[in-house]
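By letter and in written order, the chains are A, B, C and D; residue numbering begins at 1 in each of them.
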Amino acid sequence: MSTIIDQNLVARHNGQLQANLHADYDALAGVLSRRGVDIETLTVHAQQFAVALPSWGAGTGGTRFARFPGKGEPRNVFEKLDDCAVIHQLTRATPGISLHFPWDRTDDPKALREQAESHGLYFDAVNSNTFQDQQGQEHSYKYGSLTAQSAATRAQAVQHNIDCIELGRALGSKALTVWIGDGANFPGQHNLRGSLERYLDSMRSIYAALPDDWQVFIEHKLFEPAFYATTIADWGTSFACAQQLGPKAKCLVDLGHHAPNTNIEMIVARLAQFGKLGGFHFNDSKYGDDDLDSGSINPFQLFLVFNELADAAQREGASFKTANMLDQSHNVTDPIESLMSSAVEVQRAYVQAALVDRAALRGHQEANDVLQAAQTLKQAFRTDVSPILAMARQRSGGAIDPVGAYRAAGYREQAAVARPARAGASSSGIV
Amino acid sequence: MSTIIDQNLVARHNGQLQANLHADYDALAGVLSRRGVDIETLTVHAQQFAVALPSWGAGTGGTRFARFPGKGEPRNVFEKLDDCAVIHQLTRATPGISLHFPWDRTDDPKALREQAESHGLYFDAVNSNTFQDQQGQEHSYKYGSLTAQSAATRAQAVQHNIDCIELGRALGSKALTVWIGDGANFPGQHNLRGSLERYLDSMRSIYAALPDDWQVFIEHKLFEPAFYATTIADWGTSFACAQQLGPKAKCLVDLGHHAPNTNIEMIVARLAQFGKLGGFHFNDSKYGDDDLDSGSINPFQLFLVFNELADAAQREGASFKTANMLDQSHNVTDPIESLMSSAVEVQRAYVQAALVDRAALRGHQEANDVLQAAQTLKQAFRTDVSPILAMARQRSGGAIDPVGAYRAAGYREQAAVARPARAGASSSGIV
Amino acid sequence: MSTIIDQNLVARHNGQLQANLHADYDALAGVLSRRGVDIETLTVHAQQFAVALPSWGAGTGGTRFARFPGKGEPRNVFEKLDDCAVIHQLTRATPGISLHFPWDRTDDPKALREQAESHGLYFDAVNSNTFQDQQGQEHSYKYGSLTAQSAATRAQAVQHNIDCIELGRALGSKALTVWIGDGANFPGQHNLRGSLERYLDSMRSIYAALPDDWQVFIEHKLFEPAFYATTIADWGTSFACAQQLGPKAKCLVDLGHHAPNTNIEMIVARLAQFGKLGGFHFNDSKYGDDDLDSGSINPFQLFLVFNELADAAQREGASFKTANMLDQSHNVTDPIESLMSSAVEVQRAYVQAALVDRAALRGHQEANDVLQAAQTLKQAFRTDVSPILAMARQRSGGAIDPVGAYRAAGYREQAAVARPARAGASSSGIV
Amino acid sequence: MSTIIDQNLVARHNGQLQANLHADYDALAGVLSRRGVDIETLTVHAQQFAVALPSWGAGTGGTRFARFPGKGEPRNVFEKLDDCAVIHQLTRATPGISLHFPWDRTDDPKALREQAESHGLYFDAVNSNTFQDQQGQEHSYKYGSLTAQSAATRAQAVQHNIDCIELGRALGSKALTVWIGDGANFPGQHNLRGSLERYLDSMRSIYAALPDDWQVFIEHKLFEPAFYATTIADWGTSFACAQQLGPKAKCLVDLGHHAPNTNIEMIVARLAQFGKLGGFHFNDSKYGDDDLDSGSINPFQLFLVFNELADAAQREGASFKTANMLDQSHNVTDPIESLMSSAVEVQRAYVQAALVDRAALRGHQEANDVLQAAQTLKQAFRTDVSPILAMARQRSGGAIDPVGAYRAAGYREQAAVARPARAGASSSGIV
């Protein structure tokens, strides 16, 4: 595996942190062993974790009010791949890349795939974009894409999705994620049922083009860009549509796409129970689809989501798998730093969920010992598994402190030189 | 049909309002005819409207903090029936009564049914109660009913529902509404999936006891009394469960049981599209399950719900029917007045929805003329159809001004004498 | 007053609608007179209504995902003024224009003012923009403006506000509205108190530059573009800051800038009571700061806001005045049509609020006759005052049907020719 | 200090856990010392922590739907005091008791005070209750208390508060907390401003009766029991009223009394900045005023609140003090267990906030190093300080594992015998 940052630098950086890490790891090993838990098992578990990176996440995001670009932003898919390779090199937790078309369209998918593979990366789900108009596009999506009144517009949007599948096949992807912004800003703008009927018609055409070993993920979102009625607004709609389409259609849960106060971990449990949980877009939020760094606002919720995944894995066995990726907008941080930090936070929740004593939990639940059941989860969540995560990274060849190593390497400064800003350019797309 | 308030008094009261009503009606007839709408058709439509009354709504409600009872509260199901009869006599819009067991349990269903029929009333869906413990009950519902860990508790809850069906059959009902408060107050208290599996098991037993011409309605609610994870929390769960159970199971939408900002009319459209819309509990809310009078907080939303029902009726034809009832808690008003007023508000939305020019609406939608599509709905909503509602009532034998006639009749004062308050009594059910 | 659309065309268009309007007006006059209300008084009241237009509202808005521009968008402040003049010509309800700097910066304020006056328009509050970086700007607002850590950045932002006051003086404005996007995306990013201290320091400098007969309006907003902690997030903060600054500082309420479920009319009442209600940004929303057309989602709420304004006017007398403007983002409609339609909706609420029988309302409140108190408001809201609004427009020289007249005049098509789209241009700014 | 549970039993229970605690404590000491933090300083800090108990919290709570009482519930204030003494004996963190009148009214305050002092307890803020009618009360609070239309009702409510102050003086309290349920269920029910004017009038009379060394805390709440407009609904109103009343009036923040998505820690910062932060009611919530155990739903938020308190303490020095108490409804747990567990969770947040490296945080904030600023908080939050809390308890004479010791002591079983349930009794009041 070829690396972008000098592995010697990473090793030197690790060297400075090594003694403390080992001491902290041993201390935690003791604490866990007094609870009957073997730290080594958890460390191996941590090493098995993976979450995919969104190519667009490598650029600085923005809001409708402004975007404040950073230095050295990637200007094309190959440079985004470089940034993703850095993230994986240091965290060893992000081998998959999720591309977004047409932003990442390339005429040479073979070259792209080879570059990815050289860094130990592969292509996860591909994403279609029918929520923006592209230069030279024949039919506008102003009034909808897969649900548009105009049959020609719908056909264009369907074809774009089929093109994404084709490109994904060339890249080795196995799934298509479909998120549309279609919806209404006014009561009356849409016939609510008519819009969903057109959506299903369009999706059936896309589904028909799906290879046998592919999946299609339906991503719901409560609002934005539509502000009155979003066609695929909630998990109920997503679920019903996935049922209509067939076994290759599943639901994708973005943590920021729900109404206030929604219990998201329960949605996860429901979709798992009914066989339609496809995967996740991880991020965090306080108000809406804020696309903040994973675990930055409500880390306990992230843990509870993984607690459901651990429960599902125990029930379903090896067959249970979800497609997990980060989906964040980095408006005030270095995107590479935020992606590394978020990958670690998601991994943290994954390891903490593995710490839950499920037999004890079941016992408390069966005995209606509510307080101890709650404490069983809290104890796992409270455990600071940072040394496990750091040790897992180091053993897999990554950095004990990814952000520290990244800063020490001066990668951003070098990128700022190699990738001069272009006036008005927004190559990374909007997140 | 025997009436409780002297019809001569109603006639005299109407007499005083007659001239103004006719003038207002004629004025509106002119306005509508200039839009190409025939007022008489709408008046006949209004006369066909019906919404059921909840027996418990006849008593004063309360909150967990306090209940401030009013005068002359009904002390048993026969007195509740009297109050409902008064409401129907004056509004001619509420011929159905929805009973709640065990609150309304009677040893003489035949007598109850005869009393109802003598007033032109019938029994709509019956409601089971497994969210409270009744005196002498063997197993407590503290930790759940249909989802309880204890098989004996679940069996008891199932049997209660089957008893409700039996009692309902004797009364002429054709549906059972199942709302449970089951859920968790703490993360970890429940295995989220396990709870729903037990729910489905229990419901299958109830479903099996359902007569062929009955329906069972699943009512979801986001929270309260459970404050972390409610087993049947959203329409997605309700829908999935109704699917699992079979064609006689449908979903019931209570307008106050959703997360903040939820687009409820879209849920209505979705359930109608997928064949699982069973009916409604009408009320209004600003914060949670506030159980305020229908249309008192957001009348436009109520109209939009009926706009979806009118759309569904146009699509589905005569086969499309929903079970509609009021479900409100009257904490600071006379319950009879609030129920009359709410029945009129729901009827208002029903008539306004019939005023929507659906051909024009479709045209604007197809042309993406968003502004005019929105205005088409707004024009119908803006139309003050009060004269139509009053005329419909009068023609059907009711009161032009139900609250005015009720007050003129002194019904509440008489009830206060006939039904003295009992210390500590809370006969009306839910607080 | 010079008009942009041919007044003869307007007169002809009115001529076609005249007979129906008079019939509808007479019908309503009868209905109202039977309630003891004189329609002519209301029509005069309607003619006195005014709401200001935001210059940026004349362009098509967008979201962070996309902007779908329309035809004939204004390319500079003079063209925006033309569009505003059309709106006022047809509605006679929008004589004020609210400019936004630097978007609307002009080297020739005198010419701008003369053009405005020639159309019977004047300049309302001016708006500063420190939430975006402008080309060539020395210090970036990426990490804040009036609250920035950097003293130089804060000084730049203060100076921009002072420049806005200067420009506003030249244009005849009497108020500055300050909305900042400053805030944090992460817990820890800001010292919450330190940020507000810097805000107050900066605002004191701006306040000091305010002419004696000017006001400064503080506009709060819950979130966006900051997604964790917005410095001026709620009316409490806005109110405390206005107190700190002095009597010329007041609070501005944007209807879309509150937490879910917030009772906005109560905020209006509170600010009026404590002497700090400065004005409004009118729009509507279902989820967040959706910037939808006024009254399109919850018209009853808009009425309740005006009900509080009518109450305050009755209490305070002639001295009570607020600065009112529209603030919407028109993503799928013709901006001119949406602004006309919204001006009419706000005017509708203003007239409906005048219809409330305040003596009767007070009587019901004092008697704790809750139902009749509520019905007193509902009756006013239910009254379809459209004929009053149309008559007021016609009598003031406007159009009976503004959207119809506008379409008949072909203004947009002419603008499309006169103002060809420029690739990549987004002259109207972000709304 | 006299104890209720045998201290030998506690000592024996501690003995079993001692070795593991010392090992865990030493492990943590090492981790912290590698970060430059001295564990002993933190342990002393933890020992200084105190949060008051609400007397009503000792009973089982309920919802408007049902209350499921537990065994051995306290039947009077003396028994509640016993339960509170147990909690303090085991946690050594809850020396203050907050009483609620008239629920806890006693004819012998001297005896009550002596009993409290014998257990090392004192009386914190007293709470008035004008949200319920008491048997034999002359004027009902159905339509309001301090804001009622009726002057006699308001006078009665004012007098009750003055009585509470008198009783509090006899008990050694130094503060009165005023929470009222007053508000409207319908638009129009109240004149919003008139209600607040009456509130301020009433509060001025109460304020006048306040001893010089007392404070009065105004507690706001968004909704419930009023469902449309609550008179004291938000911190802005609370703050404005505290200003009107004078320096002895301050604002009390209950974590569950806010609109969805509200940033509560920012409210804390604002009130601290403007000198009006009086104290807290600690609990947790997911939907509304759920009154769940502290830290059970969103522990990071609880930490962020304490982070603001630590910041304020650093700024204000020794003069900065807030009155802190738990306020929870225990519906499915043993109230004693939940109160112990919550006291520990609040203490945990207090200690974690002390772990924040404030100099580093300030440095990152000044450098706009957003990611590291966020990580500085997260690192403190992630640290599992359980061994510190346990050691602090043990050193102060409490239990290493309070719930374990409590269960081992069989206190609840003994109470069940000593306090037989009375049919229909609900002595603990509603929470």
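One rule holds in what follows: contacts are C-beta pairs under 8 Å (C-beta built on N, C-alpha and C of every residue); 3 or more make two chains touch, one makes a residue touch a chain.
Values in this document were obtained by computation on a predicted structure and should not be read as measured data.
S.K.: Tally the contacting C-beta pairs at the A-B interface and at the B-C interface, and name the larger one.
M.R.: More contacting C-beta pairs are found at A-B.
S.K.: Compare the CA centroid of subunit B with every other chain's and tell me the farthest one.
M.R.: The most distant chain relative to subunit B turns out to be A.
S.K.: Round to the nearest whole Å and give the separation of the Cα centres of subunit B and subunit C.
M.R.: 39
S.K.: If you average the CA atoms of subunit A and of subunit B, how many Å lie between those two points?
M.R.: Taking the average C-alpha coordinate of subunit A and of subunit B, the gap between them is 43 Å.
S.K.: Listing for subunit B: what residues touch at least two other chains?
M.R.: 142-143, 185-187, 189, 222-223, 228, 260-261, 263, 286-287, 293, 296-297, 300, 332-333, 368, 370-371, 374-375, 378
S.K.: Report the residues of subunit B in contact with subunit A in the complex, numbered from low to high.
M.R.: So the residues of subunit B in touch with subunit A come to 142-143, 149, 184-194, 196-197, 222-223, 228-229, 233-237, 239-240, 258-263, 265-267, 269-270, 272-274, 300, 304, 307-308, 311-312, 315, 361-362, 364-366, 368, 370-371, 373-378.
S.K.: Touching residues of subunit D toward subunit A in the complex: what are they?
M.R.: That would be residues 20, 23-24, 27-28, 30-31, 34, 260-261, 263, 286-287, 293, 296-301, 332-334, 337-338, 341, 368, 370-372, 374-375, 378, 381-384, 386, 403 of subunit D.
S.K.: Along subunit C, where are the residues that touch subunit A in the complex?
M.R.: These residues of subunit C touch subunit A: 61-66, 68, 131-133, 140-143, 181, 185-187, 189, 222-225, 227-228, 260, 285-288, 290-293, 296-297, 331-333, 424, 430-431.
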